[in-house]
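In the two complexes that follow, chain A is the common piece, with chain B as its partner first and chain C second.
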Partner chain A sequence: MSEQSKMAGRQSVIFQNPPCILGRSSVAGQKEGNGPLGSFFDYIEEDPYFGADTWEEAESNMQRKAAELALKNADCKPQDIRYLVAGDLLGQLIATSFGIMELKIPMFGIYGACSTMGEAMSLASMLVDGGFANRVLALTSSHFCGAEKQFRFPLQYGNQRPLAATWTVTGSGAVVIGKKPDNSEGSVLIKGVTTGKIVDFGVKDSMNMGACMAPAAADVIYRNLRDFDRSPSYYDKIITGDLGYIGQNILFDILKEKGYDISEQHMDCGIEIFNDETQDTHSGGSGCGCSAITLTGYILEKMYQKEWNRVLFVPTGALLSPVSFNEGDSVPGIAHAVILETEG
Partner chain B sequence: MAEKVTMQEILSEEDPKKRNEKYNNYVDNVTPKHSWFVNLFWAFVIGGAICTLGQALINLYRYLGAGKEDAILYQIITLVALSVIFTGLNLYPKLAKAGGAGTVVPITGFANSVAATAIEFQQEGQVFGIGCKIFTIAGPVILYGIFSSWIVGFIYWIYTLYV
Partner chain C sequence: MSEQSKMAGRQSVIFQNPPCILGRSSVAGQKEGNGPLGSFFDYIEEDPYFGADTWEEAESNMQRKAAELALKNADCKPQDIRYLVAGDLLGQLIATSFGIMELKIPMFGIYGACSTMGEAMSLASMLVDGGFANRVLALTSSHFCGAEKQFRFPLQYGNQRPLAATWTVTGSGAVVIGKKPDNSEGSVLIKGVTTGKIVDFGVKDSMNMGACMAPAAADVIYRNLRDFDRSPSYYDKIITGDLGYIGQNILFDILKEKGYDISEQHMDCGIEIFNDETQDTHSGGSGCGCSAITLTGYILEKMYQKEWNRVLFVPTGALLSPVSFNEGDSVPGIAHAVILETEG
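And then the complex of A and B:
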């Protein structure tokens, strides 16, 4: 085997044997099912508790369901999976640990706030291309009620949500990433990744997460274009996680200033997943589940249908906790970019 | 309204502190806000309606024969009970979405903040859930309410010593 470097530019990786997406699943809540992308999801649960007694357990059930569906879609059993890379928003990743415990797969728990899907897919692809695993399951989840309880107010508490606020998506998305099969025509490969830095522009308003995360998204997209020496038009779509309407405009502004206009290619999962006018979600959707189920339900479907052949998938995360917020810290952002391309 | 800052000024600013300040100004400019006039109007209407209901209840209890002090007490109990029922039926948040401070300031807002927390945290048990967390939102009101009335009482006491 050659010793050719897999490193590209300053922050990117280019895979020598690009891993392939072998299976996918999207589990969504009722509100998401009623949204514009509702028909793309594999499974929509009407019961917000997912058959459990608590919000935390509900999210675990949702994640287990997503894992099972992805394994089924990839036509494999838990023992065929070498590693699991997963995380969620709840403290100490309890939705993940209680959700996938039964699968008995060696696992890496990760926290990337709402960028977790990008982080999980980056690490899973590295594991596969590095020869450390044949198949890896990458998944994440978020639940509106669990997130509200942890980060904001009790559900029945009466208050006004600011217009800049986003609505945490109830959903869980999973992908099985593995070695490219012999007949890979029509499949989607992960060609490379760009890992984001923590970027902090000093915004302290946790109800305006788009503004907190936009500089991080701009940074990683800029880095990706520079590291691979590409123009935005190389991609059919550049898709951010949950910047919402406000964050999207800021992203355009920053990148324009840096010499790139991505307004033609750009799409934001948070904007796509809800209809603000009828669903009263304000700036858009957010949460780990937002980018995850938009990817596994909608984006990959578009790629399999060859409507889009090259996609830069950039989930975005806001790195805050209720403690850091109370102690007066700002809300730094992070984003991870994954290059998806169709084969053949 | 803050002065309009361009993205160029933000990105070319080398001092991170000043850059953050400029970015915050910029964000302020591009973030839509609720119309204060609409908020004010609905707070007035809904908050006013709650208070009118309170007055109507006092009149009712007076009419039924209660003394002035007792009628006020019964009125408070009734409003709190109504607020808790509305909270349980998930109707109070809908009222608050339009009413804003009009639903927060009256006693019904206080009752809502206690009932909502109790519902949310009952899953964590009677002691560590409801017991520890029921005043998460209302706690500051109780603490600083008692504290400020203590200060006022103290000032009043000093005043009585010399007058």
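And then the complex of A and C:
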């Protein structure tokens, strides 16, 4: 196969030697542990500070735990990992910088807001398929308290949350992506990726991020289906990151206008991770950790059980900062799609 | 050549089909234009606001200008570029998100503090050599006023700057990296990269970032020389990003302890870009834009003129945020090395 043929359509990549998920981990906070997916997570921490003195250090500790568990699950040591591709929501990625420093792995820091897990897995897969690494660790995290402090109000302020608001997930998910082992039966491969563009519909409401991100999710799902000439039914599930209830409706509407009905296949991590009736989370979960631990805890488990064999995983991000928001800018979105398929 | 052999030593990559720099641009502020390298920059903007109302929007406008000029220099349109790899210093990369949105290019947002140009060029080169793209745009920026507001004090506060402090460069540099053209005589190729780890010597002084970053620069230069079994004299120049005068001394000391004397080959973009005697910039320039425009304006020009044929380009970053600094954390460093060589 020529190298040229790795490029599929306008925005997608098809792997010649699809990389394999060799290990995974999900670390969650207590609220997430009490939610509908709680039993799927590897580790649930009852202390919201994760033994630290600040919310930022708490998130760093959570990331370190997720990295350690993923390495253990993949049966490898930090020195077996050639690159780390990681990021978080905090300004200048401080949760990541201080979280994974001790691993001493060459690092690419990335920022894609809540789409980070999709970006990390896309780059990690390309580093492996491109022949630059045998194993790459892709990870991300978010922490409710750190995110509220960063983006909205300190918790002590006790602000009311509108019904359109989502609840930032406290969680960190990590995967070790590497070359397919000789016996890959039952494993999950990354068959391709579709990399998203920034899409801005001019929505300015940081308390309604589902509406900000839905156009970007629609755009990347549409491109994936077009680039591979597939109908939505090719996938058992098309799973967005954290659109929530409002974003899901907008996603369906945009894709229907483009001729695709994905309502049969669609699932949203933000809708699944909390019970909005009993957990007071309004429009659902959000944050880098939302799609990350739903993938590493729940989605991959469903795939290993062969309940789902083809999944399009589409973490979604809202590109805002407290500064851009206060200066009256809109909240553009971005989303990255990863094609996961079971083997054998 | 087998794919395996793309990995050199512990942290380096050697390209099978070295990607080529197809286009470049440098956009600078007035102070940079008045500095020793001023005549090398493509475009110097006299308005510090770049026609905008806020410092963040100013930086976005500067990035957009750099992207447009690099595309023009490479004689291509946005739709000829398969990926954009870009980032900046601001929290949640807002200069980048709002700067390059209109280009509608699939994007990987990255954060490596002032090492961003090295990270962007490393990933862009791997995307091209890996067969995932024919052309990738790598770009970054920094703006003095936005950076002071983000990391230190608003300009109106008029704080005094210690002599160890560096001056954030207002500038944006971009390169189009792509497959080597049939006639590549006189062009500059990217022969390999060495990806850095986070290195923390425990320095806590955000006004002395050279000291924070020097250990990371030393680490990645040492690994590059070891991975390729080279002496410093292999390179005509070994060029760090923004260590400044103090960081340079520390860099020399650490590498001498490891058995390497790079004082003959070393140059630091932060030292070159301003005249510290007449421009009151103390320890030198810094910021993502510092190494970026020194590369795209000055270094590449020297290479096209064949004055330098082998350059190790090592942008250096200090990983801090206002939050991590105020919480008493140290300032770890990271650096990424890119091997540039002239062809023919």
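Everything below uses one rule, namely that the second predicted complex is superposed on the first by the 340 of 344 C-alpha atoms of A that agree within 3 Å, B and C clash if a C-alpha of one lies under 4 Å from a C-alpha of the other, contacts with A are read in each partner's own complex, and residues count from 1 in each chain.
FYI, contacts are C-beta pairs under 8 Å (C-beta built on N, C-alpha and C of every residue); 3 or more make two chains touch, one makes a residue touch a chain.
Everything quoted here is computed from the prediction, not taken from an experiment.
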If we overlay the two complexes on their shared chain A, which of chain B and chain C does A:N309 touch? Say first, second, both or neither. neither
Which superposed partner A:T54 touches (first chain B, second chain C, both, neither): both
Please work out whether A:F153 is in contact with chain B alone, chain C alone, both, or neither, and reply first, second, both or neither. first
Does the superposition put A:Y83 against chain B (first), chain C (second), both, or neither? second
Which of chain B and chain C A:K258 touches, first, second, both or neither: first
In the overlaid three-chain picture, which partner chain does A:S187 touch, first (chain B) or second (chain C), both, or neither? neither
One more residue to check, A:L320. First (chain B), second (chain C), both or neither? second
Contacts of A:N208 with chain B and chain C, given as first, second, both or neither: first
Pick out the shared contact residues on chain A: the ones touching chain B in one complex and chain C in the other. 54, 200
Residues of chain A defined as touching chain B within the complex: 53-55, 149, 153-164, 200-203, 205, 208, 211, 215, 246, 249-250, 253-254, 256-258, 330
Complex contact set, residues of chain B against chain A: 7-8, 10-11, 16-17, 19-21, 23-24, 26-27, 30-34, 39, 87-88, 90, 92-93, 95-97, 99-100, 103-104, 109, 112-113, 115-117, 119-121, 123, 137
State the interface residues of chain C toward chain A in the complex, per the touch definition above. 3-4, 6-7, 11, 13, 54, 56-57, 82-83, 87, 89-94, 97-98, 100-101, 104-113, 119, 122-123, 126-127, 129-134, 150, 195-198, 200, 319-324, 327, 329, 332, 334
